[in-house]
Amino acid sequence: MPAAAATSSTIFGLSTEIIGIWVAALLTLAIYSFLYADNPVYKVAEHIFVGISAAYGAVILYYQALLPKLVKPLIIPLIDRVWHPELADATSPRYTLLVPMFLGLLIFSRFVPKYDWLSRWPIAFVMGLYAGLSIPRSVQEIILKQMHGTMLPLLPRGANGGYDFLTGFSNLLLVMGVICTLAYFYFSARHEGLLGRVSRVGVWFLMVAFGAGFGNTVMARISLLIGRVQFLLYDWLPTIGIHLGGPGMG
Amino acid sequence: MWEKLLFFDRRIIFVFIAIAVWVPFLTQLELPPGQTNPRTQALYDAIENLPPRTPVMVAFDYGPSGMPEVHPMAKALTRHILSRNLRLLGVALALTGPPMCQDAFSSVSQDLDKQEGVDWVNLGYKPQPVAVITQIGEDIRRAFPEDAQERAIDELPVMAGIHNYDDIGLVIDLATGNTPGAWIVYAHGPYKVKVAAGVTGVMATDYYPFLQTGQMIGMLNGLKGAAEYEELINHRDLGTLGMGSQSVAHLLIILFVTLGNVGYFAFTRRR
Amino acid sequence: MRLHIPIGLGFLAGAFMIVQFFVPHPSFEESYKALMDWTMIIGAFALVLGLQSLFRTHIDKIRRRRQGYGYSFVALISFAVMFMVGIVHGAKPGSLFDWLFMNVQVPLEATIFSLLAFFIASAAYRTFRARTPEATILLLTAVVVMLGRVPIGEFIYAQVPEATEWIMSVPTVAAKRGIMFGVALGVIATSLRILLGIERSHLGGGR
Amino acid sequence: MIGQKAKRMLFLISVTALLMGLIVSNAVAQQPPPPESGAEAEVKWFDPEHTNVLVVVVLYSAIVIFCIYYARRREMYIRPIAGLEAVNDAIGRATEMGRPILYVSGLSGISDIATITSMLILGHLAKRTAAYETPLIVPCNDPLVMTAEREIVHQAYTEAGKPDAYEPDNIYFITDSQFGYTAAVDGIMVREKPAAIFFMGYFYAEALILAETGNMTGAIQIAGTDADTQLPFFITACDYTLMGEELYAASAYLSRNPLLLAQLKGQDMGKVLLGAAIIIGVTLATVCTFVAPDIIEMFLSWFKV
């Protein structure tokens, strides 16, 4: 992890980089202990993880959303206007932001049982917003795009002008697969007779896809473990004087 | 006795997987990489055919989590590009990219005795991928007036005469996300610059169509792509070693699946 | 009233999102961006509620001396340290906040993520049994593709990598498209249900 | 009756006006300065490139709405979905063993319809667990989802006649970090030992970590996701898996509400149309390899986005 330490100051005679590597290595080993069984070491690492990451999320949300999108354009100018009217011409507050602030504050109505139904307003607003957004998006990104990609000639011409039977066969299989898979998802009829047979073929296609998806992911997952092994071998072990004759990561 | 093959403690599998991954690193096991994928070869040939001092832009669009798969590619490509005496420009559309770029470029250039600012430069990170890609098409100075260390790029010899995609021989995107698509649409599309990519094994299938249509000239596919490339440039490194772990682990999983099935059939037949 | 205001709000927000998709006018573009900012702001307020529930869970555990309450101290202290460091010293690269992120959160993330290497193996062993024709298909494709991804595959049979790519680009794509079409239809129908107020369990209306 | 309808209309109209006014004023406030002289940009109110999207949106919405409002009175057959048939067994098992049920509603946040669907499924589930007073634990990674889920579960308990059994602290926020959340939920699984675990919604790489850990604890696991990349892992590690569209059918299926079931009919009609369009497109594409390739180009280009 070359990015581990941007600064190389020292604490108690140890460089922050070395401390960082040790912290990371111990936490790494703590998590792996879970593979044997749940244990106090894993629990400590897990709770550190929860605390640190929840705070990280909160701080990032503060700097990237609250500060630039609400505090700076609305609250600070508003305060300026009220307490420092002499500076009023600096920036005018964006009053429309009072709406999301109001909706956001309504969420706190959950603390007051009598008015907790008010918290439904912001939820309804946000859910409606994304529901609306998803309708044209799904049509454009999935339905039209994938339909376009599926309308293939079953007997295409190859590069040399002759017929390309192999591609034609693949195209036929692709179209069949799409139709059969769709048939599997048909809900309002019994899967018997023709529909039953077609949807059965659909299930076969699904199984091929899932098998392939599984097999294709194995390499990526093993790579993740390789990454941790490399960290322990080439970054951590050297700090206790064990140098393995391998290529370093940085 | 067959039941044992059917239901053994999964922790035994965990131990075997750990051994399978550690041992190739401890023993420096190098397995032969097999035949080179034509997409890997195409990328190698494209770099091989560039005239000396042609700038090659490498985009670092991955972070620590993508390192195991993508970083070996970055190092192998860097080695090839610098040893061919081409100019190397690193950019990052991912926030976590610049340290990756710095590590790949500086470690390899020490080996090859190449100089920062003369042979290579790390231009750093800029947000909003599409805007950055488009700005480079107009003038790279609009997107990257300074490098990662805040030096004006006009003062760097490596940037001499580079204005936009017309001056760049090849763009290679090393990515764990969907940025290769953006490079194809917004850089190759309007500006006709050649684009190639190095992506994780899971992502690779998404880009086959672009290779078929020629919008992308070559692609490295996961750790295997990195190992193949290391073989092509004749410098075996982390990709080859990692591939050793991969092969052993894959075989091990298949072995376990086979054992499970043998146990299953023997068990059910006996019943 | 309790029901109609939220339904109206949701409908309007959704209807605007649909309309703005088709209108290239810059004012709609700006409003779209503004609305997206609004949801972020609402989300920031909701986070306060979320954090309150996180604290409550742990403080409650400590107060009642429930089993493992000591770990709740760990979580609360980790949170407090990270939060204070971030707010007081800032979150810029090179800061203490950044150091904690790079040396605590990043390796923890990478390690939890890498547990998948173990779990993918144990899941394969346990489930890939040729019990039914469907399970056999799943098992065989998985094995072929697994072999096709490492050099050893082609030493066993030279065509394995090619077969893998064919599987990935023809039958797999077919099934994935089938799934995606169904999902898109389901997404749109569900969205309509929410916009039209037919679904109102989230609004306390119940149905 | 009419009076109430009129009141509702009036109300809707006034809220519309209010919100539109706000949106427009906001837009005006943020409008970029007019383009430099000469470059008079023509103001457009419809993007003709999106005509095809508009046609499909209108057509499909009409089908769904038609089905909901006209087909709702008829009895409708819905094919069995194995994962949903098992829901009652799972709840029953948890009740018998006196152990809780764990519900994970995906990691994609409230912006994803999969999460919203998952929250609706949670509502139906809560109605059934309320009847048995089986504890329902819902750890969350998005505070807005948490807020909405508390509302939904509260409502479900009220409808089941057990408002006092509702325990808001069982629906709690952990962290928005993907793997931080995963680590914590893994911990909950091994410590609380839920009898049944539900994974409903959109999942990323954590799917297998969660499902394998759940499997180790011996819980009944029912998953449902539209994340095609994660389906193979749920299928291998869970007892039942709702695939893709089945997730969207689940809330209708569980509710047995004719209005919602009619929606499934609409989805099926959409599928038939979609399949027919593909077959026509393929036939045309094939025929036109031999004659008149321009026609097929025209037809196919309509679907281009």
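A, B, C and D label the chains in the order they appear, each numbered from 1.
We adopt the following convention: contacts are C-beta pairs under 8 Å (C-beta built on N, C-alpha and C of every residue); 3 or more make two chains touch, one makes a residue touch a chain.
Everything quoted here is computed from the prediction, not taken from an experiment.
Comparing mean CA positions across the assembly, the chain most remote from subunit C is B.
Of all chain pairs, the one joined by the greatest number of contacting C-beta pairs is A-C.
Subunit C and subunit D have CA centres that are 13 Å apart. One inter-chain figure worth recording: subunit A and subunit C are separated by 5 Å, centre to centre, where each centre is the mean of the chain's CA atoms.
For this pair, subunit B with subunit C, the centres built from the Cα atoms lie 25 Å apart. Between the CA-based centres of subunit B and subunit D the separation comes to 36 Å, rounded to the whole angstrom. Each of the following residues of subunit D touches two or more other chains: 26, 50, 53, 57, 60-61, 111, 113, 116, 144, 147-148, 151, 173-175, 177, 179-180, 183, 191, 228-229, 231-233, 235-236, 243-245, 249, 267, 271, 274. Within subunit A, contacts with two or more other chains are made by residues 1, 3, 31, 34-35, 43, 45-46, 49-50, 52-54, 56-57, 96, 99, 107, 110, 120, 122-123, 126-127, 130-131, 133-136, 139, 143, 150, 175, 178-179, 182, 185, 206, 209-211, 213-214, 216-219, 222, 224-225, 227. Taken residue by residue, subunit B touches two or more other chains at 10, 14, 17-18, 21, 64-65, 201-202, 205, 222, 224, 246, 249-250, 253, whereas all remaining positions touch fewer. Of all the residues in subunit C, the ones that touch subunit D in their complex are 4-5, 8-9, 11-13, 16, 18, 21-28, 30-31, 33-35, 39, 42-43, 46-51, 53-54, 56-57, 60, 68, 105, 108-109, 112-113, 115-116, 119-120, 122-124, 126-128, 138, 176, 179-183, 185-194, 196, 198-199, 201-207. Here subunit B touches subunit C in the complex through residues 10, 13-14, 16-18, 21, 31-35, 37, 64-65, 201, 205, 208, 222, 224, 227, 243, 246-247, 249-254, 256-257, 259-261, 264-265, going by the rule given at the top.
Only residues 106, 109-110, 113, 117-118, 120-122, 124-126, 128-131, 139, 142-143, 146-147, 149-155, 161, 165, 168-169, 172 of subunit C touch subunit B when the two sit together in their complex. Those residues of subunit A that touch subunit C in the complex are listed here as 1, 3-7, 16, 19-21, 23-25, 27-28, 31-32, 34-35, 43-63, 65-66, 69-70, 96-97, 99-101, 103-105, 107-108, 110, 117, 120-139, 142-143, 146, 149-150, 170, 173-182, 184-185, 202-219, 221-222, 224-225, 227-228, 231. Remark: subunit D residues 22, 25-26, 29, 50, 52-53, 56-57, 60-61, 76-79, 110-113, 116, 144, 147-148, 150-151, 173-177, 179-180, 183-184, 186-187, 190-191, 228-229, 231-233, 235-236, 243-246, 249, 264-265, 267-268, 271, 274-275, 277-279, 281-282, 284-286, 288-289, 300, 303-305 touch subunit A in the complex.
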